[in-house]
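The first chain written gets the first letter, and so on, giving A, B, C and D; residue counts start at 1 in each chain.
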């Protein structure tokens, strides 16, 4: 194709997006669009998969059967989200194996929040309430993103995430209304998960890259700082309602702007965790790599069996 | 050597034993004496090593620090006994590696009692009281056995075993005098360990092989049935003293003979466990083999390092 | 309180409880995303069944006992699951073999239990059959894939079947409570399931090109609360929160 | 009750408690009988120290608390051992590396603690020094044997040192209780041990032909009760009996 032709296609492509038409796998798309989508969708998929680990850590120790069932269902949903999102990536011509390879080699990222440990049961509440809460704020706009398979996956994901978020908040309500020990456990979890949750909305706008292009492609509709403000404004009253204290001495309602002012985020910690130095980065990667490597013989067997079966069926057909 | 000469040596040898002289590693001995001793001592060593497992199972869960320390010390003593006994075997020209090989391949036996699981804390009491109690009855006569290294090892082993036995009984006393739950736990452990402990004294005399020869060599001084009777007569009053019931409806004092009559032993179970079909035979062997195989690289490294060090020392000397 | 019925329910539910717990350990660590989801799903189904059974048991007990008390506050010797289900997840072959050897039994059992005179048990059985049929399909498929897959997978699966075979006979042992319940038309006579069980198991093993173990030595004790040493560690985790934070709501 | 002294003692003793527990897991499973005995022996020494510390802490608390209550009835967030000692026994190289990286610190610490104005602590330190010197000799020897043994053992030991290095810096962090105790002449100023620590560690690693990790990123949190996910499982076992059978004597 000539440069002229490509320019034309690009113009048509951008126009379609501007008209809110969906781009589908078989449509022509600029290489950068494809790559950016693979990067973002796979990062999202990886986050679901790695995100199973901190919650999976409490399945065997859930305090009641009802909570155990709910936790199992939630982690299973996360695996399901991973599955749709990997499939959505595959529509752009990249295999799941390649994507795993990128995760395991450290080339691909996943949400840094999952590099913190879950050390008490209350962390199951805090993750649902805060982490899923922040995730929803990030994800709801993506239900209208330009790439069809991603947008459709996000509709389903967001619906389930809302359910998880309510479930997490409900765990916190129960603890906050429980014995002093339970209330302390809830407050402690909020103390530990609050700042990492704020960081989940991404670096401050000044430090953020890719934003403009992503806005155009509807991969992003608001800036990180706006999303963060939205998260804070939504979450602070929820904490107050159940008598928990946000661990930020600088937090206060700004009557004039109609939002909460909040304290400074420790971006050093953020970048440290992103770079692999968080408390659980190595453990998380080890868990994923071990599962993959120890599962190699199983996947090989499944392939070998399918191949044998195919041959037998062909022979019968002859 | 002529047959005549061998006959002579054998006669001298038997005469020395009859005079209660000790046979030492460098002395001439009949091949059968050597083999029988290797078999019996290594079986004893293996029992110590395998015997670490059922008790080791409760180290991380011991109910108090005091008990945890005592249990660690006890299991460490067992390892120590294993060590002397393997060393005593080595004086007869067999290496520890060969002995392990015999254990791991199933060729060598170990005490069948260790093929039962330890499922409550009270089992730590029952093992000390009953299993070590039966072991002592088996072993005390061996302090005067004819083979010097074995006799000397047994002196030390028996002293420590007596201590273990008192410690085990003391655990039972505490439980028997404790809460109803603790008393039930103690009774349950007695119920489960009683019959296997009786079996530890070996098959009935009618079924027992090697006995006559072993008597002559002082590897055995009383018959299995006599030892069993001694164990029962010693243990029944101990149970009564702390209010526990021996799980044998046929048990009763025989005024005339001055011993306890007791019920029939389930020898089918005994032979089943000896043949490898006890509840834990496979697990015990797996634990030993795994430790050995997973430790191969460690032992290789220690050898390689020792060799490097030797070469360096030699070079310096030159 | 009907003690025999109570014990009978526990005998059924403990199997699902302990197997569900074992499957739950695997979440996030499966050999593929699809198997991970399936194992989590089976765990979920089993715990759902456990809740139904224990809610009913709590009702029968008629005291303050809750489903969670029954599930998490008994002592080591009071769990009466079969030894099979407490065996650890040594590798995926073991996990699937354990699942399959239990699923075949579980389905046969539920098919009979749905005819129980006890309408609650019949209803739970009826609801569970669909789930357990799926479990059996899933585990049978994996027996075949691994048995008839690669040399390595065949060796691993054969090893798992050989290792777990010794725990199959116990499925067909009757406790005293079982006998009473059978007489009353409430319980299932498990001795009558044995033939169909080994027929089905053997058929799948054959299709999977695996050898049917010949050993005639079997382990027992689970139904009397005499377990392997694995169960204690499982219970320490299962009970942790209820023990460390007693009498609280979650 | 002197809260700072109580916390200070727990800060010392929890390290021995958790490390002793980890070593206790290995009993009967060592790569050789001699190493098995040595690891059990180190566990024994550490628990012996724990008892002395917690008996003293119980006295300071001055209520009904016993050494066992302090050891086994705290919540996850109340254990204040360093993250290093709770790391699992991944293999013998990890076990020895963890031991060595702690022993070097432990000996330096006890050498200072024996000068404490608190005579009980000084006496415990004095008694423990001989034990810990032996631990250090044992673990250093194994660092050298594995580091300078075979290619495989070198790779494993390097991997263990690299993996655990991130937990070394925390040894030299001061808590509030530490600071108060240092001021009162009771506690050891751990910040002053750091240089000697890395000197000693590096010397052994060099002799073992291992590379000294260059990473400047360190983990912390243990001293504030924020642990890795490994600790919870360890506690479930450690506490099992005291939780399941409360208020009983053993």
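By definition in this document, a residue touches a chain if its C-beta (ideal position, glycine included) is under 8 Å from a C-beta of that chain, and two chains touch if they have at least 3 such contacts.
Only a predicted model underlies this, so the values are computations on that prediction, with no experimental measurement involved.
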{"item": "Chains in simultaneous contact with subunit B and subunit C", "value": "D"}
{"item": "Chain pair showing more contacts of the two, A-D and A-C", "value": "A-C"}
{"item": "Centroid distance [mean C-alpha coordinates] between subunit D and subunit C, Å", "value": "41"}
{"item": "Whole-Å gap between the CA centroids of subunit A and subunit C", "value": "35"}
{"item": "Computed distance of Cα centres, subunit B from subunit A, in Å", "value": "58"}
{"item": "Sequence positions of subunit A contacting 2 or more other chains", "value": "61, 181"}
{"item": "Touching two or more other chains - residues of subunit C", "value": "75, 232, 236-237, 240"}
{"item": "Every chain pair in contact, whichever chains are involved", "value": "A-C, A-D, B-C, B-D, C-D"}
{"item": "Subunit C to subunit D touching residues, read off their complex", "value": "75, 232-233, 235-237, 239-240, 243-244"}
{"item": "Interface residues, subunit D side, partner subunit B - complex", "value": "21, 24-25, 27-37, 40-41, 43-44, 47-48, 50-51, 54, 67-68, 71, 91-92, 144-146, 148-150, 152-153, 156, 234, 237-238, 240-242, 245, 248-250"}
{"item": "In the complex, subunit A residues that touch subunit C", "value": "49, 52-53, 56, 59-69, 72-73, 75-76, 79-80, 82-83, 86, 121, 171, 174-175, 178-179, 181-182, 287, 290-292, 294-305, 308"}
{"item": "Parts of subunit D lying in touch with subunit A, wherever the complex brings them together", "value": "75-77, 163, 166, 217, 219, 221, 226-229, 231-232, 236"}
{"item": "Subunit D-touching residues of subunit A, taken from the complex the two chains share", "value": "54, 57, 61, 117-120, 181, 188, 192, 272, 277, 279-280, 282-283"}
